Structure formats: C-alpha cells, structure tokens
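Notes for the one structure printed next.
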Amino acid sequence: MKNRPILEVKNLDVVYKTLTDEIVALKDINLQVGERESLGIIGESGCGKSTLFYAIMGYLPSNGNSTGEIFFKGENLLEKGQKEMMEYRGNRIAMVYQNPYSSLNPSLTIGYQLDEVTMFHRRFSRKEARKVSIQSLTDLHLGDAAGIVHRYPHQISGGMQQRICIAMALLCRPDLLILDEPTTALDVTTEAVILDIIGELKEKYDMSLIYISHDIGVVNKVSDRIAVMYRGEIVEKGSQNTIYQHPDHPYTRALINCMPRSGIVKEEVRLNTIQGYVTRRSAAETGCPYIARCEKKAHDCEKGYGLKENSPHHFSACTRAYAVDVPDRERTALKKVEENYDEEKNILKIENLYKYYGRQGKKIRALDGVTVSLDRNNVLGVVGESGCGKSTMGLTVSGLLKPTKGKLFFDGMDISVSWEKRTPDTLRGIQLIFQNPGRSLNPSFTIETIIGRPMKKLLGIKSKVERRKRIIAILKKVDIGEEYLNRKATHLSGGEMQRVALARAFSISPDLLICDEPTSALDVSVQASVLNLLGDLQQESGAAYIFISHDLNIINYFSDYIMVMYLGRVCEYGRKDEVVGPPYHPYTEALLSAVPDVDPSLKKRTIRLEGSPPNPTKKIGGCPFAGRCHRQIGEICINVPPPRVEFSDTHFVYCHLSKEEMQGISS
Amino acid sequence: MKTMFLLLKRNPLAVLGIVILFIWIFAAFFGPSFLSYTYTEMDMDHQMSLPGEYNHLLGTDALGRDVFARIIYGSRSILTVALMTSLFSSIAGILIGFTSGYFGGLIDMIFLRIMDIVMAIPPLVLAMVVLGILGDSTIFSLTLIVSIAYTPATARVARGALLSCKGNEYVDAARIRNESHFFIMFVEILPNTIGPVIVEITARFAYSIMMIASLGFLGVGLQPPTPDWGMMVIENKSIIKTASWTVLYPSLAIASLVIAVSLFSDFVSKVMIHEK
Amino acid sequence: MVLTLAVMSFIIFVLVEIMPGDAAQTVLGQSATPESLAALRESMGLDDPLYIRYGRWAGAFIHGDLGESLYMRGVQINTIFWRKVGHSVILALTALVFYVPLSLFFGVLAGVKAGKLTDSIISFFGLATMALPEFVSGIILITVFAIKIPLLPITSIIPIGETLWENLNILVLPALSITFVMFGYVSRMQRSSMITVMNSDYIRAAVLKGMPQGYVIFRHALKNALLPTITIIGMNMGWLFGGLIVVETLFGFPGLGSLTLSAIKTRDVPLLEASVLFITFIFVISTFITDMMYAFLNPRIRFKRGEV
C-alpha cells in the first residue's frame, strides 16, 4: 500500500440464484487499491474475477445479490442507487472490456460514443467534447484521430478498437481504471503495444489501475501487486516477485508450475498439473475452496484457513505451498531424449503449397508457397498471428481443404487431394485435434459412439464387443474411467472433452496428428495435463505432430522444430533452439519480444509493431512483413521477394538482411 | 424432469395452455359420445334458441342445429388436419432445408430462389387459390395444400438450424472419416437441431389451426355438412345481430385452441432455450 | 426481382388456367350449344397453346391492360380493379397508423422490463392476439363495439353512390382487427430484439460509462433493436396491402381481398390472374424495399468494411 486507499472492498459476498440452487460467485473478498497503485488479478475462468468488478460498478444481473462493503474514496458504493452510481461510472471509475468490437455500439460513430462521455459527466458542449475526444485518441498514439471520429466501429481493426475503448475510459481522467482481459482477444504483437501504452498512461494520468487476466505474464507487465483468485475467493496477495518466487498458497504454486514459460522445455520437465477442474460453488460449501484439488492437503490443514498477512504485504489463505509433510511430485522429462532416433523416417512432405480462398479478383492468399517436411516422432510447431495461414495449412494436410497448387506427400504417397479422394488408410493415418473440444464432439452422441465410430469406419472392426474392449483401453490411457462410456459429451468438462477427442484420434493409431490450437480453449491447469498427455501418447505411438498455436511459450515448450509464418508464407524454420535464439527473422524477433513472461525478473524491451498485416487479397511482390518491419532496409524489401538465408542444415530464414546482420541481433 | 417442473411452476400460463389443449384433444376423441345431438340434427322447433334453452348448451343456429355439438365435432377435423399439416410440412421442410443448406453452392441458390418465389405468394392466398381451383376440399386436399403452403417457411428454419450446426468441428471430423452425406445430415446433425425443429413444429401447429380456420371461414375449407369452426362463423355472420352466439362461440373455440397451442409452443421454446 | 416476378406471373397464369371449368361455359351458361361454345372459344383465343396465351396476357398486362372480366361481361377489369386497390390501400394505411406505434411502444416497454409483471402482461396479450385469426378477433370486436355497445357499423359496406371518404367510420373495426394480429407479431419481435440488444456488451459499456437509462435505451439500444422489427413490418407490408382477404370478407369491405375471393368463387379467370399477380407484385416490392431500408439503416452494410 503506497498511501490511503482509493478502493477498499470489505467482506464482499456475491450469490447468484438460479432455477435450482444458489451459487456463490464471490466469498469474503477483502481488497485495497491505493492511489496510483496498479493491482493485477489473476485466476482461471469461472473464479469470479469479472463478477468482482461488476459488483463494484453496481451492475450485477437481477438474480445476483451482493453483501458487504465497497468503499470508493470513503463512500460505500453498495449503498448507492443506480442514479447515484451514474456519477461514478465512466467518470471516477472506468472500465475496458475483453472484446472491443462488441463493446462499441455498431450503429453510432466512434466520435459520438466518445463525445457523450464528457457531455454527460463534464457538461461539455458538443464542440468542446469533440476537441477532448480527439485529444484523447491522439494520446493513445492513434494517427488521424480527426478522421477516426467519423468512422463506425466495424471499419476499424481490433487493436485500434481497443485503443479507442481505452481512450474512452480515460476521457474523464478517472481515479480508477479497471481493465478486464483487455488484450485476450488480440494478437500478441498488438497486445504488447497496448500493454506498453497502458503502462505509459498510468504514469501520465496518476491513476489507480486494476488489471484482470488469466495470464500472469500479462499482469506482470502492468501491475506490481498481484492477487490470485480461486473459486470466488482471493487466496493470495503480494508483489509480483513474491507471488512468482515464494508463493505461500499451494494453488498459486501449482498454477505457476502449470504454465509453459521461457526456459521450460519438454526435454527437461513435465508441466505440473492440477487434478480435476474448477467447479461451481454452492452456498452450503464451507472451508478451503481448493481442498478437493490440493496436492498438499493434510488431515488438519483447514483449521487455520483464512487470508492472513504472513509476511509484510504478503497475504495468503494457506501456507502449505512448500509443506514438507506431503512431498513434491518427482519432476521428470516429458520427452525421453535417449529415444532411438534411427527409426526416424519422413512422414510428411509439403512442397510449394498454395491455398487461395474466394473467387477471381478477391482471392485471399491463405497459403502462399509453403515448403516443409516432418519426420516420425517429431513435433513441428507452427506459430504466427491470426490470419497467417497456420490453420489453413493444418486443414489442407488433413484433407478438409483441397490445395490450390503444390504437393503433399504422406509416407511417400501423393495426397494433394481432399478427403473424398483419399484412401481409408490415409484417412486413418492423419488425425485432427480441434481447438474447441465442445464443438468437435457431437453433443448428441455417447462417448462410446464417438470413439467407436472411427474404429468401425476406418479400422473395419465390426464387433461391438471388440470395439468396447479397445475403447475402454484407450480411455484408460487418457485417464478417463469406464463409467464415462454412456455419458454424452456435453456432460464433460473442457479438459475431459479434449481427452476424449485425443482418445478418438489415437484409437485408430494415426501416424500424423494435426493439433490446431488444442489447448487455447482450456484453462491453464487443464492445458498442462493435455500437453503432458499429448507428449506421452507420442512417446508411445511414435506419431508425428503438427502443433499449431499462437502461443510461443507453448510452442517453445512442446515442439522439436518451429516454423514461423506470416501472411501465408514461411519466415523462419529450424530446430527449436535455433529459432528461439538469435540469429532470427525480424518478425520472429518481434514475436519473441512481445511474449509476456511469467517470471517477472525477465524484463525485456518489446518491439512495437505498428499497423496490421496487409490485405491478403493483394498480391505482394516483396516481403509480406516489409510494411511493419522494424529492420526494413528500403525499397528492396517491398519489391523483391526475400531470399532464403541458411544458417544450418535445418535452420533458414527468408529475409533481405545479410547473414551477418541477422547474426548481429542479440536476444 | 425436475427443471421441467420448476419451469412449469414459473409459467402458470403454460400450464393453462396445456390444460386447454388436453381438454380439446379429449373433446375430439370422446366428446361426441357424450352429446345428445349430432352435428346435422336439426331441432326444427327451436331455431336460433338462446344458449341454455331447450337443452341446447350453446344454443342453436338458423337451421336449429346444436352449436355445442357442431363445435365438438368440428374440433376433430381441425385438430387432425393441423397436426398432420405441421408434421408433413416439418418433414418436407427438414428434407428440403437440410439438402439445400448442407450442399450449399448452386443447389442452395436454386432452392432458395424457388422458396423465395413460393413465399412471394401469401400462404393463405396460395392455399385459397389452389383449393378454389380444386373445388370441394377434403381432409386430404386440405392437408396437402396447407402443408405445401407452409413448407418453404419450415425449410428455411431447418436450413438455418443446419447451418448453425454445420460449422461445428464434429462435422469436419465425420467428413475426414469419409461418412456419407446422409449419415452426416441425419445422424450427426439432425439430433442437434431437434430444439429449433420442435419449436418450429409446435409453432407451425398454431399457424396451421389459424390457416385452416381461415380457409373454412373463406368457404374453401371442408365442405358442408362436415362441421368446421371457420365455416360456422361465416355461415351465421348474417345473423350475428340476432343470434350472436352462433358466431361468437365457434370464434371462442378457435381462440381458445389457438391460444392454448401458442402458449404451449412458447413454453416449448423456453424449455429449449433453458436446455442450452 | 424482375425474374421472380416473371416466373411468378407464369406460375399464376398456369395455375389459374388449369382451373376446372371452361371459361366459355362460364360465360354462356349451362344452356349453351356446342356451336356457340366453339365460336366463343375461337373468338376468345382459348384454343391457342398455353405459351401463346401467356404471351398475349403478359404483353397486355405490361401495357396496363388487365383484360375483361368474365363474370361481369363487358366490364374492363381496369375500371373496378384500381378503385378496390385504392380502398385496400387506405385500409392498410389506417391499420399501419394504429399498430406500428402501439406495438413498437409496448414491445420496447416489455423488452426493457423483461421478466417483470409489465412484460408478462404485454407478452401474453401479444401471444394471444397474434395467435388469433383475423376473423376471430374481428368477431370479438364486432360483438363488443357493434352489438353490446353499438358504436360502429357491423359491416364495412359503402352505400351505393357514396365514397369511402364519406364513410370513414367503417375503417375502424377492420383496422383494429388487423392491429390485433400485427400487434402480437411486431411487439414480440421488438421485445426479443430489445432484450438481445439490452444484454449486449455495448449496452453494458454504455451503462458503465455512466449514461442515464433513458438515454441508453433511446440513443444506444433503440436504433439497433429496431432493425429486425423494421424487417418484420416490411415483410408484412405485402400481406397488409394485398392479403387482407379474411378481414375484408368478414366486414364485407370492398377491397382487393374480397375481390380476389369473389373471383375465385365465380371462376373469373382474368380477374383472378390480375389480382393474384398484383398481390404477389406488392409482396416482392415490399421485400425489396425492406432490404433496401435495412441496408440503409445499418451502417455495417452502408459502409463496407475499410480499415484505417
């Protein structure tokens, strides 16, 4: 606490009434935010982060009821009516939301939506308001602010929309700014720019900040103090270094160890997992919210449960994070390096692959000449921002899309066709894992049907008894009990569903598995267990993986080879260690610099990439990245396709920079 | 089941609707055996008698026929035709809408265009013209025409329901294990569209009752002497001033049935939303 | 649109032409001799192939010649048709003036008060009126406002020698029964789109910007919530201007709807063709206008995406 608190939450409870029962969303929350202080709140989905701030703003759904006290500059907000709350909302306390596009009114111009804030709270005339609005946009480094005010939200890119939302929140110079996952929907380079701007504005405007996120790395960038929430409670509070280095609560420790982070690779260590998943909390439940999943629980550990200041400025509800009476799990490597690599054999070759969408004239170049190959037992990580063609590549290999040009070879066989023309053995050999397990398992089918159908169709196992035997065996491998056989997919949690999807894929022994963002719809604690499972299944089956992700931390943890893509083209390819260290392509460099670090001591300088990728319908003569590149060397980048620069047999980059120049870039 | 009860408890109007609907179904099945008159019997001594007089619960019409008996008998034809229509148009709509939406491209465009054209004629006008052309309507022709008139609308709903599921990855997963189109459409997708489809069938049931009553009213519905609620209204409209019951009670019969079905259908859609 | 109309006109022509019953027979009656029938068929061109007759009919139609009525021998359809259309238009406009403001207001109210008693009452009323066929609500209205309280005429017949303008009171009950049907339809639509909009992120953002409730509803919510309702109103325009057969029949109102019904009953082929085609035409036009309106009111369509 730097000084007297701006916001003080005392014993706040929020309960939702549903048709059948009561659900506790927040329980006994105590929280203080000082002047000019920045507090970060982290937690998995469903832990009540957002509810907390809607409770502060007095904006709970009609079935929600809050009790306790919320003091804002000494006034209890819970005692205020809707009319009185208007004075605070947008004026003294402002919010920025996760999804900028849906938070802006589609039928009003940007200018109108900005102006009304000061017109109401400051009683400005339209003209004065407009002047302030334009100034505010300029403060957020939005060029052409005078032009933007006449536009509608749909005419503006996501990153700019979020900057507009921030500008809007800052119009009345609020005392407290609440940001609710403001960068989660954005690409990592855009996220880096926004986080930079937020840090800058905090200093400039002398305001307090609350930053909510599921990603501790993001919170580290803007907040020095962090609160960890779990199932409606704050379980631990402290400085970012304390939270990272000396967590007291077993949940905090486990959560951090779940996260793929820099320096952690599968060759060295398995990710920590937390058993089970976040469940709803009923009104009857008392005691420690984490006990059901806790590794460090002891028979009497709930006795002293409750948030206490155990060391100065470090609060925790439990101190058993490093308890010795329950030993830590042994940490082994996920990938055994001593594996016999003589058996390595090429499984997939992609040669000069092109995929265009749309019709003549408005062609979108999703893949613009990609060449890569992949061996058995290896993981090819494909990374890039949205629209770079990484998913299209996965879909083309799987057969769901037919290539426009170029060749695909699977185990030596030409498979440059779509699925109808592939042999059953190819269809069996290439399996696909989707991002959203809820959508990839048919909600009307039982688990048995979901896994059994491919067996019947692609392995030709006609006997139901035989199928059931195999299904039970594979379910065991993915750690799902036999009692799930007759359950519908909708009754499973996200992690369980993804496990069933893996069981479905591995039930027919594939040679190549394409994973398209397989963990990005899951919570961190669940993500780790799915990654571990993927690794184990590979050890056992020797299948090759194409692992598509936007998250460099995961890619770095899980891949053997990495391919960096931008606008349908390969920028850089190489062994994992070759790609994540210099020399690199300027885009790789920018991406790596933008990745938020879980470890707060790793402060690095981010490279600000301005603008957004060029229109994919236009044909690009030179390097697609030239327009945003911080190392652009002139006309040649725009007009001439970049040459392939090789650093080793396995490592190459497409760039106009010379080998020496690239080698000169330090990390 | 438990949530169903709780939902019912919260929607007393839905309970009312379901009760009225059951009363009508009961009346259609067993009502006639409790009646002291048939629908053609003319009580020559008591024409246009007031409700309650001479053992005529709801009075008699200009020919001395018992209004109550005619209403009870009339419930049979309207319920039968409406039920069959809503089923047929839904089945046809699902077949057409699914094929169109699933294959997309040119097939979809042609289907949509045809549906647009058929929908450009108001369903009532379409049914009226065709029934007028065919002459004397029977239960069969009435069912057929009303089903056809409503098929484009149900096809659109089915198509929309399919499209909302088609993007799901379980469809992709089925494709790359080489499932047949039929399997994907009717085994993978259909069960997941059942919510909107059931809502559509119940809503269509209400619309069918409206349309059949209106056709009867326009004189192109079932032919006399079959009692038809709509027809009873128009037959007696000229004596509305002197014998308003002959018009009012059949109207109220239509109103109660149609409102009951709508309340029921409204409840079904609420249940479906809740299921999600 | 033109294509739809062309195809429609052909379908209607074929549909009506295959009606059982011979036009010549209809004209001459049962006592006609075969010779006179043949002569008449010849002079009416009934023996030509279907497509030639269609061409002749469509050609005349485009030039504004609707042909001659079969039932009312020697009467040009043009002379009666447009007067009836005029009556229908006036009735439709009256109904519009009644129901649009009413249903929008109550729809918005129910949407804002969703889940409360006000909403339940409006929603039930809407559900009930929407479900009722027009003649049922008409009969109820007649019973109340013409029989129990004799305020308004039971029928809407214009006395011979007078015009509609001298009998404006005959419009009230038909327009009210249309209002009954449309009220439920439109207000429920308005309610549900209002609820969707009020639950959207941008309304939450507007409220948490500190904007007053009334302002949020009128400035932020209404414009977006009206869009789907406008589509519904527009799509029903065709029905309103050309499909009021039931209402017109119930009240005996001399409009396009009752004209169509009598054309069916009397098997007056040219008249039926003219009116059904006209009704379809209105349907197609109103759908087209609705699409245009929608595009104009929706900035997402009006301004194509163009990033800065």
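By letter and in written order, the chains are A, B and C; residue numbering begins at 1 in each of them.
Following the convention adopted for this analysis, a residue touches a chain if its C-beta (ideal position, glycine included) is under 8 Å from a C-beta of that chain, and two chains touch if they have at least 3 such contacts.
None of these values were measured; they are calculated from a predicted model.
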For the chain pair with the highest number of C-beta contact pairs, give its two chain identifiers. B-C
Most centrally placed chain - per-chain CA mean versus overall CA mean: A
Distance from the CA centroid of chain A to that of chain B, rounded to the nearest Å? 50
Can you give the whole-Å distance between the Cα centres of chain A and chain C? 53
Distance from chain C to chain B - Cα centre to Cα centre, in angstrom: 21
Which residues, counting only chain B, touch chain A once they are in their complex? 2-3, 6-7, 10, 168-170, 172-179, 188, 191-192, 274
In the complex, the residues of chain B that touch chain C are 13, 113, 116-117, 120-122, 124-125, 128-130, 132-135, 206, 210, 213-214, 217-220, 230, 233-234, 237, 240-241, 244, 247-248, 251, 254-255, 258-259, 261-263, 266
Residues of chain A that touch chain C when the two form their complex: 57, 59, 62, 82, 85-91, 94-95, 97, 99, 102-108, 116-117, 120-121, 144, 147-148, 151-152, 154-157, 160, 165, 168, 612
Listed in rising order, chain C residues that touch chain B in their complex are 4, 7-8, 11-12, 15-16, 18-20, 124, 127-128, 130-136, 139-140, 142-143, 147, 154, 238-239, 242-243, 245-246, 249-250, 260-261, 264-265, 272, 276, 279-280, 283-284, 287
The answer for chain A against chain B in the complex is residues 19-20, 398-400, 419-420, 422, 424, 427, 430, 432, 434, 436, 439-444, 453-454, 457-458, 504
